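The structures come next, written out as structure tokens.
You will see two complexes here that share chain A, one where it goes with chain B and one where it goes with chain C.
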Partner chain A sequence: MDSISDQACIVGIGHTEYSKDSGRSELKLACEAIGAAIEDAGLSPADIDGITKYTMDNNDAVDISRSLGIPHLRFFSEVAYGGGGGPLGTILLAAMAVVTGQANAVVAFRAMNERSGRGTSRFGQASTAAGAAGTASYAAPYGLFSPAQMVALAAQRHMHLYGTESKHFAEIALACRHHANLNPDATMYGRPMTLEDHQNSRMISTPLRLLDCCLETDGGAAVIVTKADRAQDLRQPPVYIASGGLGGGPWNHRFMVRDIESPATEATIIAERLFPDAGITHADIDVLFIYDHFTPLVLMALEEFGFCKRGEGKDFVGGGRLRWPDGELPLNTSGGNLSEGYIHGMQNTIEAVRQLRGTARCQVADTKHAFVSAGNAVPTSAMILRGAR
Partner chain B sequence: MDSISDQACIVGIGHTEYSKDSGRSELKLACEAIGAAIEDAGLSPADIDGITKYTMDNNDAVDISRSLGIPHLRFFSEVAYGGGGGPLGTILLAAMAVVTGQANAVVAFRAMNERSGRGTSRFGQASTAAGAAGTASYAAPYGLFSPAQMVALAAQRHMHLYGTESKHFAEIALACRHHANLNPDATMYGRPMTLEDHQNSRMISTPLRLLDCCLETDGGAAVIVTKADRAQDLRQPPVYIASGGLGGGPWNHRFMVRDIESPATEATIIAERLFPDAGITHADIDVLFIYDHFTPLVLMALEEFGFCKRGEGKDFVGGGRLRWPDGELPLNTSGGNLSEGYIHGMQNTIEAVRQLRGTARCQVADTKHAFVSAGNAVPTSAMILRGAR
Partner chain C sequence: MLSDFPYPIPEHGSEPYWAACNDRRLVMQRCDACRKFRWQPTPLCTFCADENFTWATLSGRGKISTWTVVTHPVHPAAIDRVPYVVVEVELDEQTGLRMLSNLVDVNPAAIKADARVAVTFTEHQSGQMLPVFRLTDV
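Coming up: the complex of A and B.
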């Protein structure tokens, strides 16, 4: 075999509520989300034999297996780079495991008390050598600490090169908020946003305003992956993993020093193989899930994953293209990291599965292919999912 | 495909010297080892597009790719549980990546200043939820802190159940030391050991004596994995990955509370699939590499991986069976974690590759199959390697 294409499926999805204060441990959040995903698939914990996780997740696979009654683990692995490697990287590892016969049914999950801080969110700490003690130590003395600050530099460069303006970034936030207001489970349900609201929101780091930045959320989200042949007789219609990839390189100094003109970015490297592996083109994508940590990076992802050319993002996002039901390419239809809840992107994948099952609230008609990407400006991951319909 | 069997090969090996004080950074150690492995394979950094690592390794894949001139990463992932998941788990992930077409050539490595402590060895700290802040918090109040203490409990239980004695544990240490004294690169080269030395060495935690415990070492070790078809025209004879597996479960509270009578342990779960996947039996194994953190766990690994029955380890290790050149099943022929150097087992895999290439110092005649296992009593990994000869 030369690829995993269509040989593995997502057969279960589950998540907790998305809140600002879960009131319980990260282990409990993980188990609730995973338990819900197992139930959704019509499986039992005894059927699960693999767990993949974001390296940064504080939960441990052994603790989870003990808590849920998973008898054995035949596969366990992790992907680093937070919301970059994690969201689709964990699912890719799960798919590789079932396709190569290393495991039968694998959980990929993310759970955290990111907002309430009851858990230990290690962002900005030296949890890896690339943390504050590593590469970041070159920037920290100059006051460059937070992802928002770092992304602001790349955003300004984009504005300078291509004439992109804050109102273009706003289109992304507005599309996500629009969808969140159609999703009672979203954090920002009942809180509509106008362009004026966006433009008046406080400046975080020029040009990023508050409403360009994702939420911080407590919660958990999980998916179950198994082999395509096994998937056929489970409870839900299978969602096929048409292709998946990881991408990164020596230029990925976390969010810092992003050369937005580089022909090779973490996104272009993945795009190169993702569409051929799935046997489709961009025109075949029905619904978009682009990791929305900061709106300018969504715009750059659209360009670098090839949905439009470099510098054309500002026009691409306009005209309501990203909004359900009338837009031709609805984005993050449950509200995304910006307005539904920020489970480091895992909740976007869950909504992609709903779209391909035909059970989304903002259901796009005749969905066959969903594009799902993870946090860019760091080593990242992406996937094309294909519906059974 | 249902397995990776013989579809991926180890084509390059490299390591630094093994010392008590490397005098340089862990990043430098990693790059030296990886650079040597790339050179050994006859490849260049531009050929590498994947890196897998032990989660506990302080080095970052991006830092390594930048330092070595690796242009892009198309695959990166990690395995937790230190010397358990890491040693063969990283190589298994690399194999899965090349077999499924996610990458062309993947590095698996371990590098650390474990002895000199210039790096940050996080053992015993809460680097995961299963660290001191997690499961270990149930044991720490009672004074159960270190792996040696925890393993001592299981060792005593083995002695009670089966009549195993300290002199049986010594056989393992003596075999490794014997091989180290034939390996000028080994830390314990020129320092022979007798049974009397072992029995007189100071008690660390009853029944573990100093000479039952592995070294602490500064150094790095790496292997390169690529697809079997690509491996044919490289510099070295390819070493095939006949099978590989990970195993763990809810009973793996780090080293604690080991039920040595359980029919299902991390080792038995792997053994179940490892030999059938490789299409061989235990009798086909020519040379053994069993992770030697503590001698009693090597004895238990021999039993639980099925080389002998439970309780028969004490007899199995006797009669010089484990010593080259006359023993029928030489163990850790370069000296192992106990006497060569402790790069969390990665150096054992490197020696296994040498054995299958026919270039080991203590070369076993007509080697075809090597069994390599990682640290047990935690979630672990193992592999059967097959020579091209």
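Coming up: the complex of A and C.
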């Protein structure tokens, strides 16, 4: 067994509404999302015997199994680095568990009250501790706290090296907002955005504007993974995990301040194996799900995962390429972290599954392969999903 | 309301760095084997894994590799300080030797990549001296 290619499938998806204040506990959100995914798969809680979670998620696997009535938990584990390791890392772990026979059906989920702050503190706010230790002791004394500020440093460097401009970052925000306006479940549904809106939005930390930054959301999202042979007779058409990977390196030590000139990055490390493992090339990808925490990092991800060369992202994102229905490579077709809801990337995978089932609102014609990546600038994860059709 | 950003907590491994700052010196670990510098203390050399090193004083001169002008405050102490400039400086001693700091006494509109900078020290409310940078002609 050289890779897990096509041996495991995503067979169920579920999510809560995406809101600014869920009005309920993070445990309730997790149970609702997981319950919906189990129902979608046509399974019952007794069929689930594994749970994988983001290390950052406050929910405890055993609390979830008790709440949902999962009687036998045979596999539980978690993946580090938040929106980097979590989104596809948890699904990869679930796939590895079912392929090796450690479990039969595993749920991977993320649930948080990140916007209301009921349980999870807002990622964009700084800790108000008087002192800073570890790596933060070299940043916090200078007022460098938030991911947005750190990403701004990398974005500025990219602009300097390659002539990238804010309007290129805007293309990503505009594509996601365009898709959100076709998705009534999206937070930004009914709120169209123009390039002018983007350019006039409040500066957060130069060159990053408000509309370069993802939403903050309360909600939950979950997927169910089982072995490919078991997936055949379930309720939904199976979506195959063609390949998956995790990636990180020593340069990831500086918070989210990236050395964008580094030949190896968390993305290049994954890409090296991801495409060969799936037996396809970039040209075979029909729809893109790139983790959109900040628009400049999406542009860098496109470059570093190999969809274009370093420095060519600014041209690649133009010409409507990323927009459904006419663009050749639609991006985050339900609106993404930027405009649908920020469930730490898990909602992008759910939309990828819809695309491969043929049930997406912005359905790309004849989708066979979806590329899904997690948050870069930290150690990250990615996956190629393959439709059964 | 906090009136300053968090102070750095000197830890096992980083105490000499912060102690030197209080002496108005910018120091970094320099590997005894391969002679390379590294920013942010590590137990072993990042380049050759040797565990022997010397705390070496740097010139404090370098160039701006990148920067950001923070305009949206996310910390109570930032409210009265925005806009302020966080800078990444590449030090003259070694290609790729970069550290984070503030660029002080500067008009944000005048900042350019590769501009020359020199270290200076500013006192944190806690009494700890912090290395920060100013634009310079040389």
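We take it that the second predicted complex is superposed on the first by the 372 of 389 C-alpha atoms of A that agree within 3 Å, B and C clash if a C-alpha of one lies under 4 Å from a C-alpha of the other, contacts with A are read in each partner's own complex, and residues count from 1 in each chain.
Going forward, a contact is a pair of C-beta atoms (placed from the backbone, for glycine too) under 8 Å apart; a residue touches a chain by one contact, two chains touch by 3 or more.
Keep in mind it's a predicted model, so treat the numbers as computed, not measured.
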item: Touched partner set for A:156, first chain B, second chain C, both or neither; value: second
item: First, second, both or neither for A:145, with chain B first and chain C second; value: second
item: First, second, both or neither for A:205, with chain B first and chain C second; value: second
item: First, second, both or neither for A:93, with chain B first and chain C second; value: first
item: Which of chain B and chain C A:250 touches, first, second, both or neither; value: both
item: Chain B versus chain C as contact partner of A:313, first or second or both or neither; value: neither
item: Contacts of A:135 with chain B and chain C, given as first, second, both or neither; value: both
item: Shared chain A surface residues [contacts with chain B and with chain C]; value: 127-130, 134-135, 250, 253
item: Touch list for chain C against partner chain A, complex; value: 2, 5-9, 11, 14, 39-40, 46, 65-72, 74-78, 81, 84, 86, 88, 96, 98-102, 108, 113, 124, 126, 128, 130, 132
item: Touch list for chain A against partner chain C, complex; value: 124-146, 148-149, 152-154, 156-157, 160, 202-208, 250, 253-254, 257, 259
item: Residues of chain B touching chain A in the complex; value: 1-4, 26-27, 55, 58-63, 65-66, 69-81, 85, 89, 92-93, 96-97, 99-102, 127-130, 134-135, 245-253, 264, 269, 273, 277, 379
